[in-house]
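Here the structure comes first, spelled out in structure tokens, and everything after it is commentary.
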Amino acid sequence: MATAISAAGRPAPAAQPSPSGNGPVLAELRPLWRRPVSWAWTALFAVGLVLPFFISDFDLFKASRVLTVAIAVAGLNLLIGRAGQISAGHGALYGLGAYTAMIFVRELGWSWPLAVLAGVVFSGVAGWLIGLPALRVTGLNLGLLTIAIAAIFPLLLSRFVDLTGGTVGLQLPGSPISAPEGLGLTDEQFQFLLLVLVLTVVLVLLRNLTTGPFGRALEALRVNPLMARSEGVDVNRLTLTVFAISSAVAGLGGALGGLVLASTVPDSYSMFFSLTLLSACVVGGSRTWAGALIGAAFIVYLPDVISQQIGSTTGGQWSQLVYAAALLLTLFFLPTGVAGGLGRLVSRLAGRSRRRGA
Amino acid sequence: MSALLEVTGLTAAYGAVRVLHGIDLTVGENEIVAVLGANGAGKTTLLRALSGTVKAGGGVSFAGRSLAGTSAARIARGGLGHVPQGRGTFTGLTVEENIRLGIVSRPAATKGQADGDLDRIYGTFPVLQEMRRRPAGALSGGQQQMLALARALLARPRLLLIDEPSLGLAPLTSADMFSVLARLREEWSLSVLLAEQNARASLKVADRGVVLARGRVVAAAPAAELAADAGLRAAYLGESPDGLTEVAP
Amino acid sequence: MTEFLQQTVSGLTTGLVYAALALAIALVFQGTGTLNFAQGEFATLAAFVSFALSSAGLSWWLIVPVLVVLSFVFGAGVERLLVRPVEGSGPLALLTVTAALLLGTNAVTALIWGTDVRSMPSPFGDSVYRLGPLTFTAQALGGGALVVLAMLLCGLVFRFTPLGLRLRAVADNPDSAKLLGISTGVMLAVGWGIAAAVGAIAGLVAAPTLGLSPELMTNPLLLALAAATLGGFSSRLGAVVGGLLIGVLSNLASRYVPGIGGDLQLVVPFAVIFLVLLIRPQGLFGRASTVRA
């Protein structure tokens, strides 16, 4: 193995923690089937395929929501963790995907796959438009702009009653995503399996995107935009593209989420939801894809856990308080998020065992 | 009488890159010491390490007390001033406000004399009095350098670190600058540690000189000796025959 | 014409609340370099505290100074304990902390006092005054005067006191400030404290008019952010002027532009933010060089 060995005989420290813990170069060189992380994901995927047959439809329904949120958080991870941008408004993009899909199904009678696609396209375009001011302003000002979008989105929804059903929102009698005949699956089982597949595809695509030349350009952009420009990176086009992709992915999650729920209501896509998504991104770990799943599970399951302990009247507020505390604790003590922290722990343990073995 | 500033084995690093590899030097009361060396020799880092702007290892003792672990603000309040490279002007404040900020770090006992000192500052730097009410950002490079000096002086430091005051200044302005530095010791009774690339001018003003190369002291002698030693100057200060400093080989 | 004047005056009155909140946001921006998204929630909390003190029988003459002191301590404490640890970690970390503060403070307020909207009696009474064709409520006059007083005091402190000079120095060039012996940490905490106190006055003045609930400042925050954007985050005067402009603009827009009424009034600040950031990011009074990101 080509690990750099210093004179003391210990492997040189990795420049950056990576999930497999061997240092960035080595992680790329090892074939996929040799890396422990790939095995973990494969195992998780297998669990996902088998799960629907072991848990109730009601629990599946909840788990499906985790998956749709995870898709959206993955989009946010791309924007924040990889591209170094800021968005406090991804809840609005999720909501835009949801409402678009819902309207296409309900008013135009489209089939759900096409409606979801419509949701993706609309959100992607919206993201591209948000990217335009991002070319001129950075950091704080972008956060400002996106939080303004997050705040105004539910108001716009409530206002255009004819299109969006106003504050009551839009509902369907049942989810249009139904299990095809002959498969012997319930709708909830089918939805969950579909979402497992979609999330897997999304994560694989995002991973490939960020480990290829696009990803390297993004990294250059994140670390030092001026230098990236001088190295020939078309910063403007890259920024717009990453905003579009990130928003399209969020819209995908939203479209699927809205159709699975068969209901879209403005209150679900408030500024607080956007900030909750941001918490999921940061707490999970904005630079790992596992973080998206962890963060999503955190924000979806926590309110239930708390309501069971404390009761449902104040459950929502206690959940919000816990999100805030988790966010602060993560920022202070675990800047790479739970997934990042776990990754480092694993790599330290693995490194120790390897040294002992060698 | 022990020296005002005693530095032993000072080390400093930026992240993993070690810049100072064990510096020894002393500055006595009312002494002007020039720190010379080419770009990258570590002069700025040395000053930053002393003023607490950069973390350092080794021993630094100022007026008999160790500075280890002391914050930059507290070091400043203890009488060690630092005029940083680039002047450090408060561009959004007026010239007078910039100068008045110097009063903050005066020893409490002398705050009463502040106004008297302010008049003396304006006496030493008349151009600053003219531009009192203008935003400091509107001043030229040379004027901002004067401003930075004035502000530092008003804090009545016992030791003043000055980093590359002639950088970016036209030769005439630079000459003015050095003549002010020459009078500092008498008019304000303080010690000066002056980091400069312009070896020739600095040695004319200083009592002693210390030459740094790659983070180490390679020569320390009275200024006159250093000035006369052409070989030293050529080797470490990269001086060409016309006396202009070039980047060291 | 009378209607127009009345609307303008009404806009100025609400604008004063936005101005004070915008000033608080600008102060934090100038010191710490971040936008405190939680500034509105701090103000809401202060409004609730004042309500609690008033219900406990305290006179308003006592409540206002007590509130100022409590808010100052709260703001300084938040900076010292919750913001300081991430101060060097970049704009995203800082922004996320303020987002966490928003969520947390909002939750705490709702947990303590519940989510129902209460009506809070005006500290200035219910009288109505006429000046020519225009009508003013005591709340508008008294509240407006209180906010103006708070902003004036703040401005005086910053401009003419040694403390204010130090605060401005730290905002202008923290490294140089340290070299002059100024404790930047203490100054930052003081800055947050003053901002919280100014915001508290804004909350106190807004509550009787808007109704006291945890949602009190959700919309005004957005308007204040727009005001500070318009005025320029690096200018204290800009924040105030921006607040007044936004107040008047929103009011006139909701009255005279068809389709924009009630909540949708918020399209105005959103449009302002969008346009200002695109055309002149430093705002009307800000300095281009200090667009910190």
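When the chains are written out, they are named A, B and C in that same order, and each has its own residue count from 1.
As a working rule, contacts are C-beta pairs under 8 Å (C-beta built on N, C-alpha and C of every residue); 3 or more make two chains touch, one makes a residue touch a chain.
It should be emphasised that the depicted structure is a prediction, and the values quoted were computed from it without experimental measurement.
S.K.: Centre-to-centre on C-alpha atoms, which chain is most distant from chain B?
M.R.: Greatest centre separation from chain B goes to chain A.
S.K.: For which chain is the distance between its Cα centroid and the global protein Cα centroid smallest?
M.R.: If one averages C-alpha positions chain by chain, the most central is C.
S.K.: Using mean CA coordinates as chain centres, what's the gap between chain B and chain C in Å?
M.R.: 43
S.K.: Find the geometric centre of each of chain A and chain B from their Cα atoms only, then give the gap between the two centres in Å, rounded to an integer.
M.R.: Chain A and chain B have C-alpha centres separated by 53 Å.
S.K.: For chain A and chain C, let me know how many angstrom lie between their CA-based centres, rounded off.
M.R.: About 33 Å separates the centre of chain A from that of chain C.
S.K.: Spell out the residues on chain B that touch chain C in their complex, using ranges where they run on.
M.R.: Per the stated touch rule, the residues are 51, 53, 71-74, 76-77, 81-82, 84, 88-93, 97, 100-105, 151-152, 155.
S.K.: Can you check the complex and tell me which residues of chain A touch chain C?
M.R.: Within the complex, chain A touches chain C at residues 80, 84, 86, 88, 133, 136-141, 143-145, 147-149, 151-152, 155-156, 158-159, 271-272, 275-276, 278-279, 282, 314, 317-318, 320-321, 323-325, 327-328, 331-332, 335.
S.K.: Chain B touches which residues of chain C in the complex?
M.R.: For this pair, the touching residues of chain C are 162, 165-166, 168-169, 171-173, 175-184, 234, 287, 289-290.
S.K.: Where on chain C is chain A touching in the complex?
M.R.: 29, 33-35, 37, 82, 85-86, 89, 91-93, 95-97, 99-104, 106-108, 110-111, 115, 218-219, 222, 225-226, 229, 263-264, 266-267, 269-270, 273-274, 277-278, 281, 291-293
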